[in-house]
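Letters are used for the chains, namely A, B, C and D, taken in the order the chains are written, and counting of residues starts over at 1 for each.
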Amino acid sequence: MSELGFTPNEMMTIAASRALKGDDVCFVGIGAPSAACNVARLTHAPDITLIYESGTIGTAPDVLPLSIGDGELCDTAVTTVSVPEMFRYWLQGGRISIGFLGAAQLDKFGNINTTVIGDYAHPKTRLPGGGGAPEIATSSKEIYITMAQSKRGMVEKIDFYTSFGHGDGGDHRKRLGIDTKGPTLLITDLAIWKPDPVTKEFTVVSLHPGVTRDKVQETCGWTVKFADTLEETPVPTQLELQTLRDLKARTDAAHKGEAVSAKRGSKDG
Amino acid sequence: MSELGFTPNEMMTIAASRALKGDDVCFVGIGAPSAACNVARLTHAPDITLIYESGTIGTAPDVLPLSIGDGELCDTAVTTVSVPEMFRYWLQGGRISIGFLGAAQLDKFGNINTTVIGDYAHPKTRLPGGGGAPEIATSSKEIYITMAQSKRGMVEKIDFYTSFGHGDGGDHRKRLGIDTKGPTLLITDLAIWKPDPVTKEFTVVSLHPGVTRDKVQETCGWTVKFADTLEETPVPTQLELQTLRDLKARTDAAHKGEAVSAKRGSKDG
Amino acid sequence: MTKFLPLSKAVADNLNNGDTVAFEGFTHLIPTAAAHEAIRQGFKDLTLVRMTPDLIYDQMIGMGMARKAIFSYAGNPGVGLLRRLRDAVENGFPHALEIEEHSHAAMANAYEAGAAGLPCAIFRGYRGAELARVNPNIKSVTCPFTGEVLAAVPSVRPDVTFIHAQKANKRGDVLVEGIIGIQKEAALAAKRAVVTVEEVVDNFDDLHPNLTVLPNWSVTAISVVPGGAHPSYAHGYYIRDNASYLEWDEIAADRDRFREWMQKNVIEKTADDFAGRVEHLRNVA
Amino acid sequence: MTKFLPLSKAVADNLNNGDTVAFEGFTHLIPTAAAHEAIRQGFKDLTLVRMTPDLIYDQMIGMGMARKAIFSYAGNPGVGLLRRLRDAVENGFPHALEIEEHSHAAMANAYEAGAAGLPCAIFRGYRGAELARVNPNIKSVTCPFTGEVLAAVPSVRPDVTFIHAQKANKRGDVLVEGIIGIQKEAALAAKRAVVTVEEVVDNFDDLHPNLTVLPNWSVTAISVVPGGAHPSYAHGYYIRDNASYLEWDEIAADRDRFREWMQKNVIEKTADDFAGRVEHLRNVA
């Protein structure tokens, strides 16, 4: 906790939550995206539709899921469908407005690596891999990315293109026949970034309270571009902070094994 | 009703029902196939699985459906799936042991026409078309056909190949890469027919009680082949006849609009 | 986000002359009320898509509203032929009808591909079947792994799909249950989806999580029309009016009788008349 | 027609050295008991297929049972990496592991195509993604109608699939509910399907008609193993043991500690021990 009364991570999650609207249909990655989406739902966007790749559509969990398939997601969903249906009708069908992704490695064009550090055949570190990300990145109407800044994570060149952002920048998506917008927003623990309209390079448009340009550059592996007029991200409101902290507290308790009842099975014996 | 105590149509349905076994999984066409399958289920094959293309799997209707999608089929089914699932997982997936079809026009190699009489572009009579038959005919492990004999129905050359039987005979299926058996049984109101092992031409193997070779030939548009040793189809048992007649009586009453209760919707308000 | 609208407005807002439209229902839940409303509003030049065109397409074709029909089984289910469709195909009355004919497997896959946002569907089909000769929209694709040649058909992507469903909740989520047929795929494959329902309930809290529910943001408009599937049925509400299907065979056999029946039973009626038609078919369980 | 068998026999009868096998479960209903039984029986040279290999594949790989893994997300869900899988891929310990890596969309489509009896699946995928460069089983097909190039992957057709489900009835029909994941497709795609269930009930008469039910003739064998999904969960029976997932990260980090844990918690145990592991996680609703 800084003297500001909130942590950089809290600022990141809350800033991300503000980008979401009530009529958005979000395909939610686990971790920071999940927290941001649920804070949005619990504050200014109660009608937002949250979709997890396990098949839960329109879910409203009381605690954050540890995995993308916790029972709470199904308990509170409008409907729960099979995984093939999720990827075919809902994602590939073009019904997702925002795909919300995290990243192990990210470059300035929003390309993401969660596959390997090092060479694919002989990796230094074998990461979990892409999961839903390769198609989330191209089938969602737009992509928001959220991650904490570090030189290891935000790099000039990623080791593996797990999912495609703007490629080499410019009209690279278009040249590959991809007609969705790709990454349109990056929210880190220090700043809000948007792609340059032409080059598609992520550019800092707003610094979080108390953050300097130097601090952003120190924790980023590429030479950072800043917008001509740089905003300051509004500090979290009391409601936002309380909502996030309550959510985290409920979540921590639940993940330590304090049972939440398993509800809503079939009605028979 | 003949002096035998049963009609040729009853004999046809009962002979067809006898060909079905308890471990069969039948994809059931409407009409005569549906009656035969349900008589089998209600007599010697209580465990038979009946599937209708509307998505009802393991159904056990009390009355014969007028259409392939009557509510009774769903009420009594083990499960009811979507139509794409029916055609993809259950039929194309190779899980149907017997596809049971009727025909408007049939040739001696078991090719079926239910599309048009006359030229396709300028038909003399436009029939309903193939529905599920084109893929039932090639994805089911084997095909049983049942129809009442007539020179108009059993023809030397059908006007349109709605579904493929043995084509020009011999190994024609194999040459098209179709590895299922195709038509292995034809049951008419006069006789039981099986394909010749080599030529695949339907050959009479059993005459129904009181039926002569001449009668079979008079009502068939191609020159009929008879097996060297010709059986006589056993007469219907009392149980078979009673089961069929009860089923028909319940069915007629229901189709005239005497309401059977609509059961088993969702449990909420 | 969906809107609750009177059926006349839902149809007027979402259907246009020249549209490709699916009024889907696989024996169960046929959207008859929506089709009759479209007939009353007199649309022209429609391309009618449906696996099992039955009475409602026979009616629309007989009224001269259709330019083309895409289908896989054009029969009066369990009864026989569709006589108005026959008259159009065989005699060009009231005018010629272009047809694009498939098998059920092809149509089911084509709707599924439409819902999945794909341009085409592949499946093991049409082997030895003559439709592949007369329908230029049946092509093939070779599996790049096994070399097997599979059938390919274009996906179905209607401008608008009409379906009938059991119920909506107040938020506008829609439940389809029983013989679910091809309704979900037909709705999701379309640019616009209009749903008539038997009733609106407060919420779906007590529903099993795995039922067929269309979220409100996947539906364009909802109209409450009790009995709106008649003479088809709504599982849990009323049974199929088999007698009406048998009767249709006679009505449609004669051009004049058909026109008179349409005038009296469709043109001069409204969506409100459907509730009365199913009264005697309602559940007594 | 299915058989009810003790798990040890169901595994022995249906799994062989060298088989391609899927122990499927998408976070929910992971067939841990079946996997542990396979570990006890010491199978070798397996090709392990799963969208989300987690603890059980980490365990099987760490025990040297796997020749190859086909997957789309090899993580401890919500926790991090799979350390035994990493050790095999990065260091060849206990021996080298061949991997065939896909995206979730590809795997989901591949199972679906397997259930549908097709040799391959097509979908709009892998655009700009580098997996297409390193995995020779990612190819393409051109839509014969639009010319669009779509991704193609071979269907998944395991020799045997193991899944865990909530219940069977006495006839051997199986119900899966809640997050149904890819279980139905994985079971139907396989030559043989083995299901562990929480319990057996008399019949399914009260079930809604549209739930996910595998008819008895589509299932090879059923074993009753209460708690058999632990530390995953069975919706309606017990909740996910998130603490065990967190703990696994430490256990798997060290080769010796891993072996000790496996000896004590898997090798020296039986399927009967699962019931006790979920006692504190059972529903109090």
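In this section, contacts are C-beta pairs under 8 Å (C-beta built on N, C-alpha and C of every residue); 3 or more make two chains touch, one makes a residue touch a chain.
Listed by chain with UniProt protein names: A, B = Glutaconate CoA-transferase subunit B; C, D = Glutaconate CoA-transferase subunit A.
Quantities reported herein were computed from a predicted structural model and do not represent experimental measurements.
Trainee: If you check the contacts of subunit A and subunit D, which chains show up for both?
Mentor: A chain counts here if it touches both subunit A and subunit D, which gives C.
Trainee: I want to compare two interfaces, B-D and B-C. Which one has more contacting C-beta pairs?
Mentor: Counting C-beta pairs in contact, B-C comes out ahead.
Trainee: How many angstrom lie between the centres of subunit A and subunit B, each centre taken as the mean Cα position?
Mentor: 56
Trainee: How many angstrom lie between the CA centroids of subunit C and subunit D, rounded to a whole number?
Mentor: 39
Trainee: For subunit B versus subunit C, what separation do you get between their C-alpha means, in angstrom?
Mentor: Comparing mean C-alpha positions, subunit C is 27 Å from subunit B.
Trainee: Got the subunit B residues that touch at least 2 other chains?
Mentor: If we look for residues of subunit B contacting two or more partner chains, we find 74, 80-81, 88, 92, 139, 264, 266-267.
Trainee: Which positions in subunit C touch two or more other chains at once?
Mentor: As it turns out, subunit C has residues touching two or more other chains at 112, 116-118, 123-124, 148, 177-178, 180, 184-185, 204, 208-212.
Trainee: Where on subunit B does subunit D make contact in their complex?
Mentor: Residues 23, 25, 49, 57-58, 74-75, 77-81, 88-89, 92-95, 139, 264, 266-267 of subunit B touch subunit D in their complex.
Trainee: Show me the residue ranges of subunit C that touch subunit A in the complex, using the header's touch definition.
Mentor: For subunit C paired with subunit A, touching residues are 1, 112, 115-118, 173, 184-185, 188, 204, 208-213, 215, 217-218.
Trainee: Quick check on the complex: what are the subunit B residues that touch subunit C?
Mentor: 30-31, 53-56, 65-71, 73-74, 80-84, 86-88, 91-92, 115, 120-121, 123-135, 137-139, 160-164, 167, 172-173, 176-178, 254-257, 259-269
Trainee: Within the complex, which stretch of subunit C touches subunit D?
Mentor: Listed in rising order, the residues of subunit C that touch subunit D are 116-120, 122-124, 137, 139-146, 148, 150, 152, 154, 177-178, 180, 208-212.
Trainee: Across the complex, what residues on subunit C touch subunit B?
Mentor: 26-28, 51-52, 71-75, 77-82, 85-86, 89-90, 101, 103-105, 108-109, 111-112, 123-131, 134, 148-149, 166, 175, 177-182, 184-185, 201-202, 204-208, 211-212, 233, 235-243, 245-246, 280-285
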